[in-house]
Amino acid sequence: MNFASDNWAGASPRVLDALRRAAEGIAPAYGQDETTQALARRLSTLFEREVAVFLTPTGTATNALALAALCPPNGAVLAHEEAHVIADEYGAPEFFGQGTRLIGMPGVGGKIDIAAIEAAFDRLPAAGSRQPTPAALTLTQASECGGVYSVPEVQALAAAAKARGLAVHMDGARFANAVAALKCTPAEITWKAGVDALSFGGTKNGALMAEAVVFFDPALARDFDWRRRRGGHVVSKARLISAQFLALLEDGHWLDLARHANAMAARLAEGLRTAGHRIPWPTQANEVFPVLPRPLIARLQAAGAAFYEWPTQSLAPEDAPEEDEALVRLVTSFATTPAEVERFLDAAA
Amino acid sequence: MNFASDNWAGASPRVLDALRRAAEGIAPAYGQDETTQALARRLSTLFEREVAVFLTPTGTATNALALAALCPPNGAVLAHEEAHVIADEYGAPEFFGQGTRLIGMPGVGGKIDIAAIEAAFDRLPAAGSRQPTPAALTLTQASECGGVYSVPEVQALAAAAKARGLAVHMDGARFANAVAALKCTPAEITWKAGVDALSFGGTKNGALMAEAVVFFDPALARDFDWRRRRGGHVVSKARLISAQFLALLEDGHWLDLARHANAMAARLAEGLRTAGHRIPWPTQANEVFPVLPRPLIARLQAAGAAFYEWPTQSLAPEDAPEEDEALVRLVTSFATTPAEVERFLDAAA
Amino acid sequence: MNFASDNWAGASPRVLDALRRAAEGIAPAYGQDETTQALARRLSTLFEREVAVFLTPTGTATNALALAALCPPNGAVLAHEEAHVIADEYGAPEFFGQGTRLIGMPGVGGKIDIAAIEAAFDRLPAAGSRQPTPAALTLTQASECGGVYSVPEVQALAAAAKARGLAVHMDGARFANAVAALKCTPAEITWKAGVDALSFGGTKNGALMAEAVVFFDPALARDFDWRRRRGGHVVSKARLISAQFLALLEDGHWLDLARHANAMAARLAEGLRTAGHRIPWPTQANEVFPVLPRPLIARLQAAGAAFYEWPTQSLAPEDAPEEDEALVRLVTSFATTPAEVERFLDAAA
Amino acid sequence: MNFASDNWAGASPRVLDALRRAAEGIAPAYGQDETTQALARRLSTLFEREVAVFLTPTGTATNALALAALCPPNGAVLAHEEAHVIADEYGAPEFFGQGTRLIGMPGVGGKIDIAAIEAAFDRLPAAGSRQPTPAALTLTQASECGGVYSVPEVQALAAAAKARGLAVHMDGARFANAVAALKCTPAEITWKAGVDALSFGGTKNGALMAEAVVFFDPALARDFDWRRRRGGHVVSKARLISAQFLALLEDGHWLDLARHANAMAARLAEGLRTAGHRIPWPTQANEVFPVLPRPLIARLQAAGAAFYEWPTQSLAPEDAPEEDEALVRLVTSFATTPAEVERFLDAAA
């Protein structure tokens, strides 16, 4: 019963098959191979415009390099206060940006509140200031807390950002889950809504390892390739990553996998609610955040369920756990089985 | 007929099988999995002492992070003037070291000359200088030019370095080829000879992607894990890399693959010499550097042979190509077939 | 009527005389001169122990270099949310620390609240975290908002920091004003209270330009001199700065100047309060923060008074300005005259 | 008898007077003052075009910040192999450039050989390379070895650089000495000859401390001010530096001082040559590099002469010192007296 993380899973069989096929024969290294070039074309088709694509080995590299490319030397980045770039990436954005400042924004369910952004713009340093000045907004889609920004929400946030000259980045480590949930096209939730660059994650979606930065305006990518190479982020046998991405994108496999993960999360949420447990944030993608009694948590873990407690800082006060409760995170993936979910719900009943 | 690079090959079938098996089931991410822990134990056994092991996604990351960990803020690195860290890594060592200076050392066949090192120490800035001061020596084993440092050579260079307080790093992107050629133990050519940290490359050896830093004195690795994580260099499904390494190390598979590549290179060198071509640098591992007439080069490429011309800066003057000649590099790998080699030699006759 | 900043003033005549004398004759550069060596001895006497002293050209350099020296690669710095290092130093601490994260702490009057620190330690990432981990605490003495930490307050904050392994830095751009206000010895408010390194500012105190980092434990300064030189922060004619410091320290001139500035501020505060104006934060050094009606502000400026409005984020809600009011900052200096103060108070009456 | 360095001298009396006057009264900080604005206008007049001027506290900061502004992330800098940026600046250019690589160029007398530059362009990595690619050329004027680039020499070097897309920087720590020697206008030897940015040094010329970057194309300075402020390189009482510069520039005082220093060097060179000593490099500014017998060196130092031995790496082989000789550097300044020079020559006879 793995609900600890979607990167605890292995890989979809179709990805593994593609990887094995890609490993055959001989191909130029460092991305000059045909598979990598096919992926670039495939992503331009998927996003309905010419895009610039750069493979990277990790989501942290993807985000940090993209933000460094979008920010001038005095740039600061606005991110949700629980965003991965702030809470889980070991200072990588600051490091690659030569000191970029990250500014945490509040919002329920890991989604930045539009009013908070507006207020921040009134309060935060502007051009000419002695502080790093907001130069980019990053939206985590799906969010760290299981939320999904709707197309109008992204439009509104991006418009507010662009009105002040900020670039807009989307951390899509769980992009597939968001697109599957939104039932929109990838173009609609990205550049058509104002996103300039996307960290497109395949690893949590069903690859062993597949991450990329997608720039919708190739001009923004001017220095990017050097930054990526200088960062030691170009896998020599690049077809390894490209082939996995192509397998995900073939016949909508990526969305099938994401829909499955989302459905497992929805079933978990429904079952937990039925059993009387509170779930403060909406379950919109593949993560469920119930408040559970500590004795139950212990029992579930003893029964073999893997999952983590979660910080409560972004909870509304009325949602805060009682003394003997905790907020926990349950993550589902392409590999989660209905049987696992039912077993968990039985144990939680 | 791929002689362009050993990273144009795919992967050994045993590595692919291991990768597929590793992809099954569920395991903790970021290196907390059992496969990664088994690899750490396996490497301690291989090197005959407790080592600290850190997986990385690329050779460039491996070298740059290791050198950054070995150098204080005022440190410079001595490397062969054709070393990968100087010529092929996009300034990564300078970037991760916050400005580390690289100082090129001469030497035949890509191997630093011990006399050049001694002379450099007399000439180069020492403690109290206004310039970055040598703090680490890096040796590429096997070298960029097909050479292999013998155990006494590493001992002498490391002793000279340590006498001046430098740390010793070994860039082992082709470590397997060197160990196979030397017929020594991994311990003998590393820490027993004075090496403090090794970039252990599995990718060119037969993995799809497997690189690691091995610290022989874990105290030197104090800050390393943070540097690696801050660099975005921790693949979440770490078992992906660990399983490949374990497959290489099982039953000496890594050395079998390297011996094969080395033998293919030796056969190429022998055949080219028989055909009357000069090979200025000794062929000690899996790279051959003949001087070929340009018309022949054109014919070979037309026949489907992939290989690169190579800069001649490190050639002795008497070895320099004539007007209508060029120095070329032929790289063999675990995937090179005897038939390919003979086909190339036939075309070159 | 300059109440805009204490760095709008020129220099004390005694400092100017010393500078002129120092400019005579010939002396070694880069700090090897006798004046600079005399200063080091003088500061060891002043602080009642052997200290390591490093001159720097600006307060920003002083703070950024000191914090970079105190923080390991994964270190974060706790500072008051209105501290100069956060609000006014152009991202220098992040830059020199290769990405150091600054974490703002609340507290009235620009002084970090001990309870906030304790709460932060419970909430903030600790060793092993995926976020930069607090490694240093910096206290601004006197604070940006006119407050002064008492000896017991510094002791308590430093003890809390040290109990978690943090180093303690004091930003003493207005150190003289604080010492003069506290009537304690420089040793008592620094290392005897737990401070590891001090940014000792002479510029606002009456020098043209005199700043230094003082390390109370020279071992902490190991890499510092290189960092300072690499930062381009060593003025070649170092006696220029040293002579100014020595002139300030001679016969307690620095404290005389600071006492004067503090007295001018006290008089301003008393007069404003008498005139019925609110002053939310205590006036403990050389800055006064009254809430004034906007029409009065306009009148004062028309009368030739220079001063700035101040952000209200750290005000208690009950102290917030009304619609037609603003919080302003009035800074006095060694050069402020009683006549200026009275003229201002007359205009404000 | 100070011939150790021109920064061992104090300051011209006119500079000191100006400094004292500037220290009077009250003025805005951080460069918003009238003196600093007058300097910007004065420099635009001096250089016969609109220039962007940024004061800095040290020559090292000036060079490092200017080169960082001129280089993209993959940029390398070509500099004479004995240039201050390589040999004496503690790695500052690499640090501020986030890893900028410096590439040493040969040339007699500290001046880059145009043929060496042309050869380097054939050999060095170009766009698309895996190495940092030359993006800027820096010329030291006057050079570290007492040479001065003529206007046609700067034109030729700058043209060669610009033909390959490099920006051209001039390190003018001794710019006054060069202009005085060349009898040209400041415009002729800078932007009219192809220079994009100048490190304009006033400290060695007769100021206590006055350095600035002058950009001839303000567009190149886009990010510069932030870089400078983030570097902690803005002295708060900026009028301190500006007033010194204005005093130097008034009535050609800077050139008078430089002419004096140059004349003292010429007299030294003439006297030493008459006494039979070799001077391998031409004496074109305020530095003389004789080869002297070691016993004489000892005698001179015993007699109170301060000077340094100098590395011989850039000497032509036929100029190398014999066993019992050494190359020494004698630097003159505005403060050098004819009596000192004659005393030295007497002792050297």
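We just call them A, B, C and D in the order they show up, numbering each chain from 1.
Note that in this section contacts are C-beta pairs under 8 Å (C-beta built on N, C-alpha and C of every residue); 3 or more make two chains touch, one makes a residue touch a chain.
Everything quoted here is computed from the prediction, not taken from an experiment.
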Identity of the chain that, by mean CA position, is farthest from subunit D: A
Pair from A-C, B-C or C-D with over half of its contact pairs in common with A-B: C-D
Gap in Å, rounded to a whole number, between the CA centres of subunit D and subunit B: 42
Subunit A and subunit D: spacing of chain centres that average the CA atoms, whole Å: 51
Whole-Å separation of chain centres (CA-atom averages), subunit C against subunit D: 35
Residues of subunit D whose C-beta touches two or more other chains: 74, 89-91, 95, 98-99, 130, 226, 229-230
Contact footprint of subunit C on subunit A as seen in their complex: 74, 86-91, 94-95, 97-102, 123, 130-132, 313
Subunit A - residues contacting subunit B, complex: 2, 4-5, 7-11, 16, 19-20, 22-29, 56-62, 64-65, 89-92, 95-96, 203-204, 208-209, 226, 229-237, 240, 306, 335
Subunit B residues touching subunit C - in the complex, by the definition given at the top: 72-74, 98-99, 130, 223, 226-227, 229-230
